[in-house]
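Look at the two complexes coming up: chain A is in both, with chain B in one and chain C in the other.
Then we have the complex of A and B:
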């Protein structure tokens, strides 16, 4: 009996060790969730107040499946038409350390959903909400703001910049520690 | 008008500044436009006043040249919609204003044409003719011909259907609209249409040379230059690239994109058409300037139209018929193997055919062309055409793309690299009659500024580092240069001031497609940024910064 017990024990340990990433392949298709206010400035008279967070932000941010979906959608919705593969063009660069309207998942989500006044269109009612979160997660990965274990790896297309999982954190790039 | 005359020669009879004394030029005055985006406009001098249009937000300034320091007479702020910046393909430029009958006409990025009283700066009319929600913007300088203000739209990277409109100079109502794709009656093709080549003959080619409905989002925009021949009573204008860039998505010749129309100015009726790049593979917009000359061509006097085209050929056309008399490359070209003068057709190089999922390397010239919008100048004294241009090559990969109105419709990954020799720009003097260059100067960066040439045998142009240069029209020898505050991509002009002396003016301020890396603060680590142009301009951020200053020079 002993070998059987040992085998069972081993199998259960192996299963426990393998924490499989949750892969939500049927994301919510409802439009227009995430209506929380998202300030675009840190200047708040009377002292900074905590920004409201959205619990979707954390669940999408470090998730490899959502990041790869975000990458696919970045091309499909023509984000790449303006922002190229992160370096920018008609729209600003997304792979650098500069954030005009905030770098948080909530801020990027709000930027895609509501647009911004100097040219960013509003995709409200055009892109399902969960896909906006996937795009936001991918946008953060362009500047090295995603775990390298989750960010997309190299392209099948023409190599135009290092893959997202090898992107340095833009905030510290070129600065001495 | 920015091009000096209807023939677009950019030649000035002024000769006070000449090869001998140009080295003494000094700054007369400067003026900050207050806008740090690409300054592509030509200052306009009428009487004692200079008029300037800035990039978005398209402010118009009138400067009084009769007073010391040229103080501001008035300014007009049209307050275009800021959102328009998001659908302007290649920086938020404006190429200048036009003057006629006491009025200044100019376009705004968000699709308005506005007429101002030139004396007071008060608006007379404002016509809203472009819709930013489908990606339409206006960047070109209008041209006024016989009481019509001619304007075309930009948006070839957004799937915008190209058109040219004539607005009544009196009240701004639309007199005619000619589309550059679609059924004949919307292209204003009627019984008078007599193209020279068989490839341009047939009914509704603007529909049948496209997949079903694709002509509705097929580009062919008109954001460049128009010339006018009063004797033939014809205007000449090019048409932009077909959309999307990925050619697999639009089998066919894609009429009437990447070509040139001759139209009757009162009605817009097309007289002839010639297609520079049928079924364009490389974003070769056909909107460059057309220089109209009456010259001896191989022993016979002919009315010709000279066009340094984006696809790399210097075309000489008979402007009455559209027949191609000559098409010689004026720089490195491998995307095609020449132009068949019998059929008029560009002979594509089969090794450089682009398509979905295929990376094609070392295509010359690039999507930005051997020469883009930057206008050349012609001197009747030397018989030379002075061409500011690029020397770049590129890799291209077609990718899938979905059409969403008001967003880009390109479908191509592009990365550009310096062309043969490593110099990314050149300034070439082309001997039109001999069909070969007389001399050519190498420049480190693409020469994205226009040129002007004078009877003093001096040619002026600017570089993207910020040098404003005067070279000999005969030899190309550098005679004088001045370092301005930012890279130059504008159009130099020369004029006689109220004091009777000759002045030279240029707007300095880097930007445009080539300078977007600086004016848009793009990231050079992405080779495809700014549709691939950033890859060839990685070091521009170390050479110049954004700016927007007018410089005016004179002899002491």
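Then we have the complex of A and C:
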């Protein structure tokens, strides 16, 4: 009896290894860009409105495929031209804990889509909406705001800073656990 | 009945061997490198087959022959022992000679392959990307340097030097009818010399697993007479044809306003992306998406409308376009001869 139980246990553990992240290359159908206004404040007369959180943000945030696609697009679209691999140059640094417009996915998505004063261009209509979400998720991973199990682990070329999955976790940064 | 079976068998073999001909076959060589390799393949296969048959026969003879019963099985027989020793010595000697001979043959074949491009006048830089080929024709005059994608035109009967590299993962360049394979390695330049004896179209394929769409990473070598090749090069250097007609004009406008412009280049327009195939003369190519689809209006529309359905995982994203916008962009691209 015992060997049978052990065998079953082993088989179930082996099967668990088959779990694999889905690569969703078409997060949404071609119909409807899913664009919606991102409120710049949650203050509102007569009580707070429901959270604007788009469930799309959550599905992109901890997904290794979307994070690595975001990393590729970050290079392709020359984000480094101003943000210098996240270290900051003409544009602000992306790998520190300072967020001018907030650290939420929705806020970063709005920054890329609509631009911000003093230099950030608007990429509306130039980058498909899903790809903007991928970029937003990757930007968050630059400062340790992505699970290290999902964040990109290597560059295709020279490593300019430790890979994103080795960034100190933003939640516990500077504090003893 | 028996005759019918043998006819059917012969037909099946003929059909099977038919698969070895065509535009992508190492057994149907169309250039000096491939001929050398094909000869080597047949010689190795033939010689090894002969050796295999001899070994099998040597094993079968004692199995089938009734052996003499010895009165004293353990008695020493110096004569028989030295006879057996001679046979084994000769067999070992023959094996060594054959192995050394085959090694020398492949060594000399390599020398022939290396000599093909020693006087190559044309140098083409081939860069592997997931999952397409960037092709750049080098020239001493900068204005004659030409960048295109997936289809490599070469002059027939002339050696051509290919410089192979990659920007992402390791790929491998393999046009079986013309040459052996050689890897494209990021950060490294490999040199492959090819020569096509006659004009023709030869298909190539990425031969190193490189990700989801490895199978759809094809290329075409188009060998043409020198005059035709020069004319092709001059045509390709021209900026893109200006759109004719309202729909195509609207298409150009949309191409520049929508995500297309972020990655693709069209010479003569502000579109200057270099991370995706150059579309300046897209419609002059025979296929789309590295040999995935043949070039036609319908396939162009299908590819733009849903690249992830045609080639799942490819780096071309689904772009939100209305039907009219899609038609306009297709009308524009179709005119880029």
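We take it that the second predicted complex is superposed on the first by the 125 of 177 C-alpha atoms of A that agree within 3 Å, B and C clash if a C-alpha of one lies under 4 Å from a C-alpha of the other, contacts with A are read in each partner's own complex, and residues count from 1 in each chain.
Assume contacts are C-beta pairs under 8 Å (C-beta built on N, C-alpha and C of every residue); 3 or more make two chains touch, one makes a residue touch a chain.
Quick caveat, the model's predicted, so the values are computed rather than measured.
*Asks:* So in the superposed three-chain picture, is A:118 touching just chain B, just chain C, both, or none of them (first/second/both/neither)?
*Replies:* It touches chain B, and chain C stays clear.
*Asks:* Which partner does A:82 reach: the first (chain B), the second (chain C), both, or neither?
*Replies:* So A:82 only meets chain B here.
*Asks:* Does chain A have more residues touched by chain B or by chain C?
*Replies:* Partner with more touched residues of chain A: B.
*Asks:* Considering only the contact definition stated at the top, list the common interface residues of chain A for chain B and chain C.
*Replies:* Chain A residues touching both partners: 76-77, 126, 157.
*Asks:* Looking at the complex, which residues from chain B come into contact with chain A?
*Replies:* Of all residues in chain B, those touching chain A are 82-90, 157, 359, 395, 397, 399-402, 404, 406-410, 413, 415, 516, 520-531, 534.
*Asks:* Chain B touches which residues of chain A in the complex?
*Replies:* 75-78, 80-82, 84-93, 95-96, 98, 115, 117-121, 126, 157-158, 160-162
*Asks:* Write out the stretch or stretches of chain A touching chain C in their complex.
*Replies:* Residues 23, 25-26, 30-33, 72, 76-77, 125-131, 156-157.
*Asks:* Quick check on the complex: what are the chain C residues that touch chain A?
*Replies:* Touch list, chain C to chain A: 167-169, 186-187, 212, 257-259, 261-263, 275, 305-306, 308-309, 312-313, 315, 317-321.
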